[in-house]
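The structure appears right after this line, and notes come after that.
Per-chain numbering from 1; labels A, B, C and D assigned in written order.
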Amino acid sequence: MRKTVGVIGAGDASGTDTERAFEVGKEIAGKNLVLVCGGMSGVMEAACRGAKSKGGLTIGIIPGESRDEANPYVDIPVVTGLGHARNIIVVRSSDAVIAIGGSFGTLSEIAFALRLQIPVIGLDTWDVSPEIRKAEGPKEAVAMAAGLIGIGDGRSLR
Amino acid sequence: MRKTVGVIGAGDASGTDTERAFEVGKEIAGKNLVLVCGGMSGVMEAACRGAKSKGGLTIGIIPGESRDEANPYVDIPVVTGLGHARNIIVVRSSDAVIAIGGSFGTLSEIAFALRLQIPVIGLDTWDVSPEIRKAEGPKEAVAMAAGLIGIGDGRSLR
Amino acid sequence: MRKTVGVIGAGDASGTDTERAFEVGKEIAGKNLVLVCGGMSGVMEAACRGAKSKGGLTIGIIPGESRDEANPYVDIPVVTGLGHARNIIVVRSSDAVIAIGGSFGTLSEIAFALRLQIPVIGLDTWDVSPEIRKAEGPKEAVAMAAGLIGIGDGRSLR
Amino acid sequence: MRKTVGVIGAGDASGTDTERAFEVGKEIAGKNLVLVCGGMSGVMEAACRGAKSKGGLTIGIIPGESRDEANPYVDIPVVTGLGHARNIIVVRSSDAVIAIGGSFGTLSEIAFALRLQIPVIGLDTWDVSPEIRKAEGPKEAVAMAAGLIGIGDGRSLR
């Protein structure tokens, strides 16, 4: 079974957020982790693009009814047809979640992750709980996720 | 088509929150509105109990697989079997939502409501957006909901 | 807690099927049972119209994202936003299900009902299991449902 | 974007059905297609085991709330927490579906596939529509799926 890291963030994210997402995706792939996301545009697409730039594997859990709605950097679209209810599947299918920026959709995902006790690492995101671990940048965020999942040398969490 | 008000809050709520929920339920029934909730214990049960004390109609959208899991004050259990993903159905099925207190589950529902532009009235709940209308007490909360839905004399929102 | 009977059938049903659905709805309301359905057109709308003609209560569990999509005879729309996945909620929320005619959507609902051991009464529908009880007409179908649910004089199943 | 083949069948399948599922999984991996299934035991586990015996990639869309519920041959568990409602996601996420044997759960998936016009290939399964393409054995079933998806030399469908 492969370890997965979820990347959550807005579909209409700012330039800063999509740049961070790209770097996060690259780091995830670099650690041989599978990237899980909502499969659409913005933060999701940038993260997938980053992961693919390093030959990673990307899973897009999409809200719509057709695999053609996934962004072009998704390897495997999981087509839910559930609309926003798919957010909880993104969270549940991730060993840890990195939240970047923040729309209300992202907030719903953070809330679900906290409710389900799935670790959340935040990059300039909603500050609704001390349980959200704050990272300074993409590299640290993925190192924290990897450490929490039990991948890597563990030094990342020192 | 009947107008509905959703009541959201924790299944293991405090005494203050359940007392408020009971009063909210009573007020909802008093205005001939249908109460929608997650159908379980705590805030949900107290609200249903309040509504039934005034002869109201209560819909419980439950996460589990059996109608027997609904609290005894639910008239009509909608049995989803979807776990926490049912939260979004509670929100979508409400013309306005009153949030009481606040667990992470409640936060996920508030986030969905804000995302979907369904009005949220808060009674001592998560303060994540200026769009959440703060009420002082149950009576005001339901009056605000009724005003937003277009029921009542409208004075409540002055 | 109110007893519920689900009515399932195509959104683009034949005249015969919608006439039967109307009669089924009337009979359900006549026995003071709550009608649950998918809330859309065809068999669903006809059943709701029948129930309302007798002052019954109708719940429409709709696939879309807006309560405005429900047919005009739905009292309380449960707005799922889940597309076809809402079919299983229709079934789970019913104490017994009456299937009228039959599209593939109806077949998915029958299959779920059989899987979940919820009684299915068939009016000229899919013949995929001896567990589907065949009724001759609307009156008999609802009498069978009522008997199975434990409402009425019980003679219906003798 | 990778092409996917769904394998559907009972969790408590017969020996014949699990043997067929193992061969189907092997063939899917042999054609470099991704295997999608419900992630549990029986037909699902056998198909995953077959795919892994050839180094394939397996996605298990599981009904429960924990990735630990997936069978040990699932590479990437998609954790839905939706119970049987996850069946429709299995179907929607597949470019073509191979149905092996048949419980009522499988019937619900076949019905959804027919409803959504996703090709279904049947190996000794429910005979509810002429649209279900019957295969003689696992090799032919996967060749038919590959042909329908537009992979392979196309001779399989002549």
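Miscellaneous remarks
Going forward, a contact is a pair of C-beta atoms (placed from the backbone, for glycine too) under 8 Å apart; a residue touches a chain by one contact, two chains touch by 3 or more.
This is a predicted model, so every value here is computed, not measured.
Homomeric contact subunit A/subunit B is classed as same-residue, with over half of its interface positions used by both copies. A count of C-beta contacts for the chain pairs A-D and B-D puts A-D on top. The angle of the rotation carrying subunit C onto subunit D, fitted on C-alpha atoms and rounded to the nearest 5, is 180°.
Rounded to whole angstrom, the centroid-to-centroid distance between subunit A and subunit B, based on C-alpha atoms, equals 31 Å.
Separating the centre of subunit A from that of subunit D, both taken as means of CA atoms, is a distance of 27 Å. Centre-to-centre separation between subunit B and subunit D, using Cα means, comes to 41 Å.
Of all residues in subunit B, those that touch two or more other chains are 65, 81-85, 88-89, 116.
Taken together, the subunit A residues at the contact with subunit C in this complex read 65, 81-85. Remark: subunit C residues 1-2, 4, 34, 59, 61, 65, 67, 70, 72, 74-82, 88-89, 92-93, 95, 116 touch subunit B in the complex. Here subunit C touches subunit D in the complex through residues 82-85, 88-89, 103-105, 107-108, 111-112, 114-116, 126, 128-129, going by the rule given at the top.
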